[in-house]
Amino acid sequence: MAGFDKVVNTYEEAMAGLENGMTVIAGGFGICGIPENLIKEIKKMGSKELTIISNNCGCDGLGLGILLEDRQIKKMVSSYVGENKMFEEQLLSGELEVELTPQGTLAEKMRAGGAGIPAFYTATGFGTDIAKGKDVREFDGRKYILEESVTGDFAIVKAWKADRFGNAIYRHTAMNFNPMAATAGKITVMEVEEIVEPGELDPMHIHTSGIYVDRLIQGTFEKRIELRTVREN
Amino acid sequence: MAGFDKVVNTYEEAMAGLENGMTVIAGGFGICGIPENLIKEIKKMGSKELTIISNNCGCDGLGLGILLEDRQIKKMVSSYVGENKMFEEQLLSGELEVELTPQGTLAEKMRAGGAGIPAFYTATGFGTDIAKGKDVREFDGRKYILEESVTGDFAIVKAWKADRFGNAIYRHTAMNFNPMAATAGKITVMEVEEIVEPGELDPMHIHTSGIYVDRLIQGTFEKRIELRTVREN
Amino acid sequence: MSLSRDQMAIRVARELQDGYYVNLGIGIPTLVANHVPEEMEVMLQSENGLLGMGPFPTEDEVDADLINAGKQTVTTATGASIFSSAESFAMIRGGHVDLTVLGAFEVDASGNIASWMIPGKLIKGMGGAMDLVAGADNIVVMMTHADKYGKSKLLSECSLPLTGAGCIKQVLTDLAYLEIYDGKFHLVERAPGVSIEEIVEKTAGALVVPDSVPEMKF
Amino acid sequence: MSLSRDQMAIRVARELQDGYYVNLGIGIPTLVANHVPEEMEVMLQSENGLLGMGPFPTEDEVDADLINAGKQTVTTATGASIFSSAESFAMIRGGHVDLTVLGAFEVDASGNIASWMIPGKLIKGMGGAMDLVAGADNIVVMMTHADKYGKSKLLSECSLPLTGAGCIKQVLTDLAYLEIYDGKFHLVERAPGVSIEEIVEKTAGALVVPDSVPEMKF
């Protein structure tokens, strides 16, 4: 029997079950630590009317940006939608809906969603447009707004290494939103650079426990750099 | 200048500033991963009327239990106060106040306290005595209660290794409440088995970032075992 | 004949599925670990921060830094992960644990459970029990059908302080396996040789008895 | 003479203390890193999950997996730690960062700040700015005193959508260093050779000018 082996061999299997109108939570910051190939598979599948919850929307031609090409996204929940020509066009034409969410609130919404916390109070955004329609409450003389958590039909994340059980570690700042995204999907799909055998990773250094991972696939990644900034040797 | 070096050389320095009536958050589960020597120092200092927030209250003669001997604790916030004769006596005589808090709620209260989240909703305890006097709210057809976060004047935690900047890793299940406790103290004091130089620990595997740690001390630990349970070789 | 503790564990183990992440409460529920079907893999979660609990250690392996939620020394299984209490209860509260098995003093026909406190006795605290019952969709309560005085523990309304409200759907006792829905207990299976009359007599809460109630087989 | 960008950074750097954890916003605030006094150690936090940001990498060191919040390739400093976005904003929201420096379009006499959106232009999003201003006790806003048309950016009430309400207490412009309290700007220092008249003229919000306003020294 399969036991805890989460490995699937094709991207078709990895994303099987994704339907039009579903909500997908994606890890990544800019184009760092994004599940490149899972996103490509969504493009290939042609799913429409998707709600995507992700800090950013990739860039033109890479990451979630490629889902704009065939107008697969109905709504983005993001903190920063950056420099993306196609994004701008679809937003201005009203084809694309955007729910801007402060970055820390977005990270906490994902974590809370995965942790069974339906809502939490935060000072972030109090007194701004973000607070409109939200409950305000005072604690210790300071005002906070109530933010609700998010979950997805799917979560798609990218890690560095994982064992076959889905116990994963991230590399450097490619961690970013991936650990929280991984907890918040009804089905969580993880792609990694290397799959190892259970027992090879130190239990004390697992960033994402396999309990959150439903499907695991090994891929190859472009890992494009958005702003290559160097100093003299 | 000292920069980020958090190391202090004596337990007196480590706990300097602790005053009667203060709130102390302590890491540990049972007597696993407890800041043994910091607790001993509190006993030595003789501080009184303390509020202690910790999952358990040690046992007779070890851990937080020793603070009962001289009646230093006014109030315990815990999920399980276990088998402790002196605890029972002081509770029944009314000398000691206890606020029982579900274990997961307690862990989340500490995390929230450190993360600037003043309150969160949880289903834990809804419909029970724990919910009395707390706000109830429905999300998605289910009822949740509002729980407020906790912070301490001091947090005392125990880690395995830390670099001089306070970047720490925990060993096995001696992690437990320590990472959250570390974030929730106005002054966080950490004791460890080994202090190493900055750069020796992999930045990707730090459990508690030095930003949370104000004072760091190396100690020796009894590490008593509560229930030694073995199988045949 | 009422079920032995081991038979109770065997019956509960039949609720396991391959690949299940399971939290077993302190006491009788831990026996379930001894009866995982051989062709099946399950992983045990211990709420103090361990997923993938192994067997008890040998004398040489004993490590004060590696214990379970019952404070016993344990080992890690291959593919284990270790994490903080906040992360552990994120798993539990977030519904990521597939099955939770725990004991109780009382369960009632509304799915309420009382398992942590008997007024008049010293209060020890609920530990993680309130989080476990609030977080899991799939909980099996494992307890004797009646207390030592013969008083039913399956009530129309719990008399003791609750651990959780409306969260229990399955109960395995030494006499029967029951489901709870629509405000009633529903008899599903009975222990070998135990009469429906005995179960009816020892169930204080509303009980639905279908035409056919198969005996458990061991 | 109004301050150069580097002089502005030098002046803000005087707010640093040894052992400070600092978050520098994208743009001019990043220049502050170049002016940390030599005898002092500060550690830079990047909200995408890095505490202890090192210099830009050499060509050989460039790593797509190691970037800052501005999406630039960076390195780690000795004693760095890396964590998730949730943990990063726990640090920020929880008030663990000692100093935050960020730019703004407008600041007003109530301590409100507008820094993320100009209606009519495309909305790019607030990123982490709302969290940063809500989380830090110690924030320095660094911006020009007036826009390129000479219109004051220190207002009685912000005209643009807010990033945060009542959270700014210190502003460093190319003309002056000001504090905000009691619903007014308070002139603390002026740029060398800049007249109080010029500052008064270019400050639209209520401004308190003390008898003596020292010039900054560089």
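In this document, chain identifiers A, B, C and D correspond to the written order of the chains, with residue numbering beginning at 1 in each.
By our rule, a residue touches a chain if its C-beta (ideal position, glycine included) is under 8 Å from a C-beta of that chain, and two chains touch if they have at least 3 such contacts.
In this text the structure is predicted, and so the values were computed from the model without any measurement.
A.B. asks: With chain centres defined as C-alpha means, what is the inter-centre distance between subunit A and subunit B in Å?
C.D. replies: Averaging C-alpha atoms per chain gives centres 32 Å apart.
A.B. asks: Just how far, in Å, is the C-alpha centre of subunit D from the one of subunit C?
C.D. replies: Chain centres of subunit C and subunit D, defined by C-alpha means, are spaced 55 Å apart.
A.B. asks: Need the CA-centroid distance for the pair subunit B / subunit D, whole Å please.
C.D. replies: That pair's centroid distance is 35 Å.
A.B. asks: Where does subunit C touch two or more other chains at once, residue-wise?
C.D. replies: Each of 76, 82-83, 89, 92-93, 135 in subunit C touches at least two other chains.
A.B. asks: What positions in subunit A touch 2 or more of the other chains?
C.D. replies: 108, 111, 115-117, 122-123, 171-172, 175, 203-204
A.B. asks: What's the contact topology between the chains, one of line, ring, star, complete, other?
C.D. replies: Here the contact pattern is something else, fitting no line, ring, star or complete shape.
A.B. asks: Give every touching pair of chains, nothing left out.
C.D. replies: A-B, A-C, A-D, B-C, B-D
A.B. asks: Quick one: in the complex, what on subunit A touches subunit C?
C.D. replies: Touch list, subunit A to subunit C: 1-4, 111, 113-117, 163-165, 167, 183, 198-199, 203-204, 206, 209-212.
A.B. asks: Which residues of subunit D touch subunit A once you look at their complex with the stated criterion?
C.D. replies: 46-50, 55-60, 62-74, 76, 82-86, 88-89, 92-93, 112, 122-131, 134-135, 161-166
A.B. asks: Taking the touch rule as given, give the residues of subunit A at its contact with subunit B in the complex, in rising order.
C.D. replies: Residues in contact with subunit B: 108, 112, 115-123, 137, 139-140, 142, 144, 148, 169-172, 175, 203-205.
A.B. asks: For subunit D, which residues are in contact with subunit B within the complex?
C.D. replies: Those in contact with subunit B are residues 18-19, 21, 39-41, 43, 45, 51-52, 76, 78-83, 87, 89-97, 135.
A.B. asks: Subunit D touches which residues of subunit A in the complex?
C.D. replies: Where subunit A meets subunit D, its residues are 29-30, 32-33, 55, 78-83, 88, 91-92, 98, 100, 102-108, 110-111, 122-130, 160, 171-180, 207, 223-233.
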